[in-house]
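After this come two complexes, each holding chain A, first together with chain B and then together with chain C.
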Partner chain A sequence: MELGSFIIKRLSLMVLVIFGVLIIVFVVTRIIPADPVGAILGGNAPPETVDAMRHQLGLDKPIFAQLLDYLGGIFRGNLGNSLVSSRPVMTDIMEFLPATIELAISSIIFAVVLGIVLGLLSAVFRNRFIDHFSRVFSILGISLPGFWLGLILILIFYYRLGWLPSGGQYDMFLFPTRTTGFILLDAAIHGEWDVFFNGIKHLILPTFILGYSSTASIARIMRASMLDVLHQNYIRTARAKGLPRKVVILRHALKNALIPVITIIGLEFGGLLSGAVLTETIFSWPGLGRYIVNSLLTLDYPAISGGTIFIALIYSVVNLAVDILYAAVDPRMRS
Partner chain B sequence: MKRKGMGLVGLFLLVAISFVAAANIPKDTLVLASNTEIFKTFDPGVCFEVEPSIYVKNIYANLVTLRVVNDAFTPVADLAEKWEQSQDGKVWTFYLRKGVKFANGDTVKASDVEYSYRRAIKLNKSPAWLFTDTLGLTEDSIKAVNDTTVTITTNGAPSNVVLSVLAANIGGVLNEKEVKAHETNGDMGLAWLTDHSAGAGPYVLKEWRRKTQIVLAENKNYYGDQPAIKTILMRDVPEASDRYLLLKKGDVDVAWQITVEQAASLRDTKGGDVSLVSTPAQSLEYVAVNASWGPFKDVRVRQAIKYAIDYDAIINKVREGFAIKNQQFLAIGYFGYKESNPFTRDVAKAKKLLADAGYANGFEVEIVTNESEVRRAQAVVVQSNLADLGIKSSIVIMQAAQMYDKYRNQSLQMIVAGWGIDYPDADALAKPFADYTVKQLAWRNAWIDDKAAAMASAAGKEINEQKRAQIYYDLVKYWQDNGPFAMLYQPIEYWGIRKEVKGYEKAFEGYNVHCDFTLISK
Partner chain C sequence: MQRRRGDLLDVSGLKVVFDTYAGQVKALNGVELWMNHGERLGVVGETGCGKSVTALSVMRLIEEPGRITGGSILFEDRDLVLLPENVLNAIRGKDIAMIFQEPVAALNPVMKVGAQIVENIECQRKSAASVQASRKGGPASGNRPQGRVGVQRISSIQIMRDMLSHVGLDWQRTENLYPHELSGGMAQRVMIAMALSSKPKLLIADEPTSALDVTIQAQILNLLNSLVRETQTAVLLITHAMGVAAQFCDFIAVMYAGNVVEYGSIRVIFNNPLHPYTKGLLKAVPKIGKTDELQSIPGIVPDLIAPPDGCRFHPRCPYRRPECDKAQPRFEPARGEAETDRHHVACFLYQQDQ
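This part shows the complex of A and B:
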């Protein structure tokens, strides 16, 4: 199959996936035996007020009419208004998404660089100290709860040593100019270097916490893949030809060992986007994860749907990009 | 060359890490740490949540405001310098102070009051029922007679009720001209007022960066004394442990919503840089049973539950002492309040009541509560207390959206919950707890008692204060004997504050009913 047709096929599948997510989210939020209006108004509101708001929000319409309104709105690019903030869901998402993407990107960069280096060293120096260290590091990364580790790191690096801030994207007395919503990018565009460096400092701990378990996964996959490649005939041939070990590992083995890692990076990035809520809570990070969880707690239908669609969309796009990359690297994948 | 490149990267990172000055909070700035998830809007016609209300109160001036005088909320002049009431108690005339200005320099006129109140009724958002149901107002009830006189025609509610409601957030006076200039599609400024302000209070909303920080700045046109604190900055810190560490380290002046354990630790540690300020909260915690469900139909079973509960354990262990024993629906300091705590844990008496009702071997019941840590702990204590009577109970934790849906439909058997007071008058408590016709707590627990309903309703209309107080005393007694509620306590609210912050206790003595940032200094 041509690369072009492969991409078209994957894009159509992606549209189907997003549509499926839309329907599932709609059905699941509506079948829960709960009332969002009750949660929004709190326990004190009299029934007349509750009924009036239910009518105002169109929640007293038959469920099929609600579904049609919902789908109609989405096809017109309107995700509706949040029941809680009363603002367009798109405005809310655009306000919080950049912070989540910024954190996810820095975490994936951290995880990819460290994961590949650790996996590579672990495979090359199998059963030596660096291998043991890497494996222990990986096991801890997968098993330690991020919430607990985050608080411990705040206690050490903020409270005891005073080296790093406890949370937020930048210090409270800074008032950065916003253009794209991405703090570092905006700071660079406007030449606000105090904000830029301050932003980097604020990214360190959340990046580590969010990226740690991905680092561990990537390191484990990288180690296994590298060990597999190192036992292949072409590596043996390369060595027999008298090529230096460094050249064999970096030029011949590494490229081939990276193929399975590419897939895991796509999945991990999606996980970082949707799983950032705990990190966002511990580090007071103004991201989409907290927005979605809060929407779930108040059963804010439009916000839940909007947030889920965005996460699904980004997840699908990233995995599509990974598949295309994979197909470009390995033509066998196009069939 | 490569090494040189690596060196440059290292240097860059080093600069990045060291490029932050420690947070030095200026003397005229107060930094608070709180979870701001509850903030939805700063519009006085819409805002109805406790903590955002504190902010709205400091942004908008009302006709009258409330002050704590001799431990009781007392209406005092704000924008209105004086007021009078017609003989039948229904028509109120307010005379505005002359020359008072909004934050943007426009003069406050009676037409602004008329616009603000009519707008709140028309919007019909969460607090609108205070105007429409409690005071019986319609849009035509409010009339600007001239620039400085406004009349309000009520349903004849007692004066304390009228003035308390007018002092609530919904009574905040907006600058009509400014709001109209920011209308979108006839929304009466709803979208704009979500994160902007147009008031005449001591502060203006300077910035609300959601999930990051909220900044109030002084209103230079405020008619009262200029506050010592010029900027109030609330940092959004969703995690209680973070808030506590920020406070201890001196990066914030005040931490809101610290845990009971952290508060107890501050209370019990004297002489540090951080101390605790506390005040009675404007809410009540209770256990309620559904009076139309199985064994709870029998008043003796309801009484048995009240004698089974270990109130002291809940107050001293679960709340670490941050609660006041109060077993009636009236909050401390409210009109008609007279201390009355008839219930103490008495298992033998409770068992006898159960046996008399024909439930000597107990029964099975489901206790519902929400995910709050304190509520869950209270439910566990109640579960254990009921077990001593042979009652087997299971605890079900529900999210608010689910719990209130079932509660409103009278489909819970037993609940551990709380009630935040809407305005500081006995009426705001007697009706929800005793009058099933208003379809609030008495209704939700299926306590369809016409005598209690009639008494609560009569007290809500009685303008003779002595007679009104007497009705409340009688109602409290009747309610304690017959009602489906075991009132656990009135909570104490607390904050961790740095030692350099002065006047916080006075500023927050009325909690969300009256809190005044202008009384704080450093």
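This part shows the complex of A and C:
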């Protein structure tokens, strides 16, 4: 019952956060000294055309009126039309979003599973080979820039070895049936297993590049947290019961050690979304990150705002989920 | 091999060191103590004298960087120092159970307390089953009828509830609580319920009341007293309070800087203390009705990385003799006392060959 009111409280807070993000993004895109009309028409358009264009796009109204128009549109599920393609921004985002979500989910799963396993082994076998290996692996993950490592891995696994594709979501000679927009999900629904495994193959490198630094952070936190927990009194109690070491570690230590790790998973997810912009560019991934980058280059205001709002929305939802998970794992958080 | 002294527990010559960056801490320097079934032995001494290390050694729970470097811990017919981990696990919790100083911290914060007690009961049931099976020569799980496990689990829950009521807690309210929802006294009751749920032969209580309010201390001691009397469980009570030991125990081992310096029945330790440290310790206990100044032992507890040569107490000892810093005094029976008092002392003042 406490969990229910906790969720409602967090949800209403989330609405406020999204609203704030909306206003900030809107204002920032309007005050940067660049003119989208100039970007569309080119520098040599006659002034009448420029004015007509400006009026057509609603850019001649005061900024406050523009904001009200925009907010009004959002409540009706309308994020405006792209200044470049005139397509509704919502339609575009719905097309690009699934690819990003797919990549982000696979990266966070990769990072959480590998990070926790490495951190756990590292702590349990402290100063042994696996510990040294995991610590070197983590240091590299935190210090190597993803775009560089991405190119190196493409060089090795695509160019030299030919084991993995260099980019894209699936091979271009495949024509998957689309229902939800999520490639793997659609392929599984329609039983198109060739597409499914092709999609998996395409996911491997981007997942690794996007998830590597999160894996490293999670492994480091997990190791420190596990070492701390293993010295707690209740672990001594568990050993005094005569429980085998494996049970002491997995039943008593693991759950306690996960508490600080859960906190950083939410934060890492934020980093993952911003990292997606670069990773998607390197791997020609048709996702939201690449959409936002392209919109920035053409000063496509509604597209930039719309994309940013969705990123903020995803981030808030994930952090809400993390907080709920936190309360579920740690009974002390519920009271 | 010397004569066996206690039929439940006989610790002799126990040495434990901790390797630290500052040097090797010689925490236990040949501890001697023993007890029979159903007896209560109090281990008293100042903070840092090795009481808790002794208790943890008996459970073989000394962790890195500590290790046992010598001596033996005979428990019934086995030397715990030599046993492998899996055999120890069958003894821990089942034959020897332990309760700790800070009961709330000793319970897993993310597990309901009822579940933690049930876990202990199930663990002991499993190890008992595997011991039985290995005696018969068959696998533990062989031909077990379906559904047995569920029945056993229900009976474990029943035992847990009985134990909670036994230690004065309302099981309906308590079993689903988490440790942070308990007071210190309640948590120690839960720990006692857990420790005694497997009917151990020996209960090690490491300062079980030191972290509790004074009024709760008495309640917990009385509870412990009545429970172990019912079941005839032997208790090794670690405490720094002479008064608590005097109330609760049959025998006392006085520890100083990693050694048991004097051992004997309550009667001889309080009426006829021999070791200068024991005498000093008893003078430092305030007595009602006496107004003279409370005596303290001059000096401080030695650094165990570089302990004093010979008797570790000699720098603080008012009866120091020339031989005291040369060699460690032997732990020997005191002369002229009844054998049932088991009076032993490690001090050159009473060395018999002089």
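Quick note on the criterion: the second predicted complex is superposed on the first by the 323 of 335 C-alpha atoms of A that agree within 3 Å, B and C clash if a C-alpha of one lies under 4 Å from a C-alpha of the other, contacts with A are read in each partner's own complex, and residues count from 1 in each chain.
Definition applied: contacts are C-beta pairs under 8 Å (C-beta built on N, C-alpha and C of every residue); 3 or more make two chains touch, one makes a residue touch a chain.
All values reported here derive from a predicted model rather than from experimental measurement.
Asks: Overlaying on chain A: chain B and chain C, fit or clash?
Replies: On the shared chain A, the partners fit.
Asks: Should A:41 be classified as contacting the first partner (chain B), the second (chain C), both, or neither?
Replies: Only chain B is touched by A:41; chain C is not.
Asks: Just checking: does A:207 make contact with chain B only, chain C only, both, or neither of them? Give me first, second, both or neither.
Replies: In the superposition, A:207 touches no partner, neither chain B nor chain C.
Asks: Give one of first, second, both or neither to describe whether A:87 is in contact with chain B, with chain C, with both, or with none.
Replies: first
Asks: So, does A:166 touch the first partner chain B, the second partner chain C, both, or neither?
Replies: A:166 contacts chain B only, not chain C.
Asks: For A:49, using the defined touch cut-off, is the partner it touches chain B, chain C, both, or neither? Pick first, second, both or neither.
Replies: In the superposed model, A:49 contacts chain B only, not chain C.
Asks: Of the two partner chains, chain B (first) and chain C (second), which one does A:238 touch, if any: first, second, both, or neither?
Replies: Second partner only, chain C.
Asks: Given the overlay on chain A, how many degrees, to the nearest 10, lie between chain B and chain C at the CA centre of chain A?
Replies: 160
Asks: Between chain B and chain C, which makes contact with more of the residues in chain A?
Replies: Comparing touch counts on chain A for chain B and chain C gives B.
Asks: In whole Å, how close do chain B and chain C get at the C-alpha level once superposed?
Replies: The answer for the closest chain B-chain C C-alpha pair is 17 Å.
Asks: What is the shared patch of chain A, the residues that chain B and chain C both contact?
Replies: none
Asks: Spell out the part of chain C that touches chain A in their complex, as residue ranges.
Replies: 59, 61, 85-86, 88-94, 97-98, 100, 102, 105-111, 119-120, 123-124, 127, 178, 180-181, 191, 194
Asks: How about chain A: which of its residues touch chain C in the complex?
Replies: Those in contact with chain C are residues 232-234, 236-245, 251-252, 255-256, 259, 329-332, 335.
Asks: Which part of chain B faces chain A closely enough to touch in the complex?
Replies: 13, 15-17, 19-20, 22-23, 31, 37, 40-41, 46, 48-49, 124, 126, 128-129, 133, 190-191, 194, 207, 209-213, 233, 235-239, 241-242, 245-246, 248-249, 251, 399-408, 417-420, 422, 432, 438-440
Asks: Would you mind writing out the residues of chain A in touch with chain B in their complex?
Replies: Residues of chain A touching chain B: 32-36, 38-50, 52-53, 56, 84-87, 92, 95-96, 151, 154-155, 158-159, 162-169, 171-173, 175, 194, 197-198, 200-201, 204, 281-282, 284, 286-287, 290-291, 294, 297-299.
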